[in-house]
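Paired with chain B in one complex and with chain C in the other, chain A is shared by the two complexes that follow.
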Partner chain A sequence: MAENETGESAPDSAESVGWTVAKRVKLADRDNPFELISGKKLLDVEVEYEEYGPQDSESVIMVCHALSGDAHAAGWDKNWQEGQRRWREKKPGWWDAVIGPGKALDTRRYRVICTNVLGSCYGTTGPASINPETGKSYGLEFPVVTVQDWVKLQKLFCDYLKIDKLYAVIGGSLGGQQAIEWALAYPDFVEKVVVLAAAPKLSTQGLGFNAVGRYAILNDKNFSKGNYYESNCQPEDGLAAARMLAHITYLSEEGMHEKFGRRLQDAQELQFGFGVEFQVESYLSYQGKQFVQRFDANSYLYITRAMDYYDAAAQWGGGSLEEACKRIKSDVMVASFSTDWLYTPQSCKEFALALSRNNRPVTYVDVPSQFGHDAFLVQVEEVTHLLRHFLEAKRRWRSAP
Partner chain B sequence: MLSQNIKEMNSEKFAALTKLIEERMDPALLGFGSDQILNFFSSVGSSSKPVTDDKGYPLRWQDKVIEQEIPVGSSVLDLGCGKGELLARLMDMKQVYGQGIELDPKAVLECVGSGVPVFQSDIADGLSGFADNSFDYVVLEETLQTLKEPVRVLRDMLRVGRSAIVSFPNFGFWQVRLDLAIRGRMPQTGWLPYQWHDTPNIHCLSIQDFLTWAREESVTIVEGFVLNDGMTRKMQITDNLYAEEALVIIQKA
Partner chain C sequence: MAENETGESAPDSAESVGWTVAKRVKLADRDNPFELISGKKLLDVEVEYEEYGPQDSESVIMVCHALSGDAHAAGWDKNWQEGQRRWREKKPGWWDAVIGPGKALDTRRYRVICTNVLGSCYGTTGPASINPETGKSYGLEFPVVTVQDWVKLQKLFCDYLKIDKLYAVIGGSLGGQQAIEWALAYPDFVEKVVVLAAAPKLSTQGLGFNAVGRYAILNDKNFSKGNYYESNCQPEDGLAAARMLAHITYLSEEGMHEKFGRRLQDAQELQFGFGVEFQVESYLSYQGKQFVQRFDANSYLYITRAMDYYDAAAQWGGGSLEEACKRIKSDVMVASFSTDWLYTPQSCKEFALALSRNNRPVTYVDVPSQFGHDAFLVQVEEVTHLLRHFLEAKRRWRSAP
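Let's look at the complex of A and B:
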């Protein structure tokens, strides 16, 4: 992730949004429950969010985070010592490379907001939150949530902040699917939509990867049907295994080869055992261990399920993506990354194709990359170029044929 | 008649042409009525080189024609739009709705940089992403002769656009004929600088070839322009011999 670090700025740098403080807002209660697409209702919904840039800016940009992300998109968390956020001490927000004064999402011009999704473990209501019906953590009592629910909640959030129009919605991966959903669900609300490394639905292969990840969690000896919050033993092995597998899908074969090859970590020769010997084993094991420090296994189940369920064509077009895209009025840019095998260039391109078949202006770019799915975070230079210019470009509508 | 023409040419031009032809003469033809060949080609004219901008990029003569011909407010799909210069100018000057298609990732990034909506795709894979009659004009500059299935692309252009604009190098141009006829080599001209092994041109055609195809497919030629001696003008009946480059605007009949 060296490239990423080059784009990040120290808190006192002129290019950083500086120290950030997350805020929370209650958007549903007993009197105004939040109804989910499944028909279930949540009686208590709180949303954690961060915002950067001038509050009076006319151009508001909603940034959507991916599976393991949070509302802390840029800058340095002032309260990193609180809760399970100590890892934020040495790391700025997940998209610090593109959000800040003078960066692609220039906070001198744009008001940038990011909310944590429902079901997550970073401040917004999720399975670890207290169920008002029982007074205990929800665990698996928490209802299954979907991308549509997330976006509906984000819209409620905009209403709360009295934002009546978004200049842009931008997201990568699962965040990109939220951007797609925004374009479909609120066509008059969003002027520009940027979808990075995301498709209107997850591939069969992707469903398979998520299934294996959840299997590891659900069968961890400490999982206890999701009621592990009071226990000293968390389902760490299962969550780590899920993360290790997922991490492989974020890299490319080429990238992994380049980074680790078949090099051994410590020993000079094979040990004829089952310890960590190869560099790639050591790296993945480290990634797994880091992840369990900062993520909740139940949230992992819920968020991957939302990723599985999302299908823009089924939701909005009776199975036809082209039909669904008739709704869209925003200017759309889709970018895929050539070695991404989680959301392949072909699957990302489908959304752009469905738009252009409907005479919608669309920009589709397949960025050459060796970084696989992670490229949308890592390939800062290209992503910055794309975002900066797409946001600046004037809108030009084609007259009806 | 031919020698009459030669006499009327100024001696400088005659000398230059003679030299050009003698240098290019296939040795196999030398003992063999070469004077007549020389006489014939001397009557035909001269050729030009692409004009380049200050960075050495060739200026596309076709762009000027297209900029003139396309009415204000049209929708234009540019196939192989490169860095999007034509579309950017049309969008600025003629309030055109522009969409480009380009394969080269670097060029695509440049398009985004100049605010041109661009779709990264290989036009050889077809225009499946575009609906019937969804653009006023579909443009294909200097690419037809490089395509594996040029006719498929032409048909697709006529499906997606109410008009199509196509430009191509004219392989009926006299100097091209000269190269093959008396030099016995694959043609090399100012506009066709390639060697046989590095040329992108795999389906070479003359203006006459194109007109014949259009007649066979019942495609209407709305307008034709050519580049002759470095100048752009409307297409004439003799241009299969005289024109280095051609641009035609076509429609379904």
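Let's look at the complex of A and C:
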């Protein structure tokens, strides 16, 4: 996803949560392995997380990150400042525009928590972690993980921290699918659920794009069947290609046209070659290069596969989303963005409709936008407005009479 | 592009042009080099072509092929039958559904010609051809070619064959851009122009997709800076990735959803791995594998670059399409397809609007379709109907009074 472009706060400003330090908890070991939906077990699971706001607040909000995100949702990473996180760019957490004192997720009032997903490369156990069975990095020996596994682990995390209910779960894109899964898997645990730019399942086209991205990684000359960690050569070209492609799906044609059009990057005339020539080529090339500095190719495989696999209706309703939604007791808000073609307004609305058909309290908003899928990170003002009102509103859900 | 799915004729049927043999003509040599728009010169140019219908017909129709097409537009390749064209699949020419006795381009009446574009790998001189300067394949020494160069060469071809006017030029996609260029470059030479699923320029998003496809090829482990012809290893993975990606852009989400949905290929349950699992993955993987058997990676670079570069307004109107269209004297028909998101109806209509603003005779049709960009090959009935009526209609263009 594109990085947030507005609303960021400097570490010492009144609107920032300031310097942050990620923490880790061990949630599984040989005696208490973590069982995945696939039936496989992980004998060693650590979860990296950050939290902001008063620890004694009764209103705990779980924020779920998207494909390439991490636990560092707000503020400035102390470990980065001290040179221990070289991959981090000089910018605050990925949702700093929304989390902080006086912001939509007001840290004077809410305790906001963000955990990094299983399979990631940002602190939580993943394919780059050491497999206790072999003493080496898992690589592709790491089991395939799913959105359900992520949410189950987040619940375990809450139990560990003695959090006995969540005021809200909020996420965009793949984070929005985690929010949907929370509502379905733990209906008594969550009061409010916010799903931004996410549908109960990925489209066929989305499956296709993910397949091409993984193909590029799996066939990279340096991929070595996933065992590249000890080599000096990472599968950078494949990962860059996957990211460049994915990036196109995060923007709208309208937005790309406005931002780049057919303008050339560094020349007045066509160069008649295969170098980077158009501005849009330069932009995508830059995005690819930046991404390989900060992300792991195996993690990309695992997380896109989780995105493929998620299907709320299949998991909870025998194929019927309406049936699945009978379980839900949270107040739900779904927001789509008009030019999002990865999780289209139509596909997002399906979840809201299925809730509505069950007479569940649901708010659905389609936000006019030219920013495509990335709008959930970019349209800070609109998202802030929606979050603020939804979080402050009195809970509407009532059990059946 | 997908292969035509309907309307094909067996070689011995009354509707087929039957067995065909491609011919070649030499159109440039050291004494008469072919000068490209880049200023570079080719000292040796051969053009492969096929022709169908009566050679003495006064109504000559030039059919222009798209990205991965060739001169074999109709009938059955005799050289393939005799085992000299191993890459060809067991199917007739790419537009057999439309070209033949009694078909839309009726070969009892019209002389139909299709030439293979410069830079291709199907007979006309391209990067795999021998560079007379070195005695080796050009590879990336081959000059970048453009749609303008292709049309200039087609005109040279007509002159060589003593064809002094064309009744019509017809093409879809990149072939449609050649048709646009014909109307602009040789306004007195062409009576009727048919542009299917093509706009006067590629969108920003289209530029982005092409850039990612080329990135995959240029970074393939076997690409060797384009000098892979004498090696046993071709840049197949990169070319397959490029093709898989491009294929998604040829279909609509609606069509993909209907054809594949989220159905699994060979299993009842998820496999929790990174193999080909969903039907859409299987389809794309197959498309990639098939393509590398029949196409050259360098040609893919050259032809997508030509697609990037084409900009009718920039070339002929100082940036104004309306200004450019003042040159045009042909009757023009533009047909877009409602779910085409590579050359959107909106972008196709721009050409028709620019003609209309100049009071030029133009017919614009948006064909309702679920087949996306590929519709121009798939919706045979609709295309046949449109072509038949447009070709039979009395010419409408009159010079200004």
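Following the convention adopted for this analysis, the second predicted complex is superposed on the first by the 385 of 401 C-alpha atoms of A that agree within 3 Å, B and C clash if a C-alpha of one lies under 4 Å from a C-alpha of the other, contacts with A are read in each partner's own complex, and residues count from 1 in each chain.
One rule holds in what follows: a residue touches a chain if its C-beta (ideal position, glycine included) is under 8 Å from a C-beta of that chain, and two chains touch if they have at least 3 such contacts.
Worth saying up front: this structure is predicted, and the values here are computed from it rather than measured.
Comparing chain C and chain B on the residues of chain A they touch gives the larger count to C.
With both structures placed on the common chain, the touch criterion links A:359 to chain B but leaves chain C unconnected. Of the two partner chains, chain C is the only one touched by A:218; chain B is not.
Within the superposed three-chain model, A:156 lies out of touch with both chain B and chain C [touch as defined at top]. Using the contact criterion defined above for the overlaid structures, shared-chain residue A:368 touches chain B, although it does not reach chain C.
By the touch criterion defined above, A:382 reaches chain B but does not reach chain C. Contact with neither chain B nor chain C is seen for A:43 once the two complexes are overlaid on the shared chain.
Once the two complexes are overlaid on the shared chain, A:248 sits against chain C while remaining clear of chain B. Contacts of chain A with chain B, set against its contacts with chain C after fitting on chain A, share not one residue. Those residues of chain A whose C-beta lies close enough to touch chain B in the complex are 331, 333, 349, 352-353, 356-359, 361-368, 382, 385-386, 389-390, 392-394, 396-399, 401. Chain B meets chain A in the complex at residues 73, 75, 91, 95-99, 105, 108-109, 111-115, 117-121, 128-131, 133-135. Those residues of chain C lying in contact with chain A across their complex are 38, 40, 140, 143-144, 201-205, 207-209, 211-212, 214-216, 218-221, 237, 240-241, 244-245, 248, 251, 253, 256-257, 259-262, 270, 272-274, 276, 278, 280-281, 284-285, 288, 301, 305, 308-309, 311, 341, 344.
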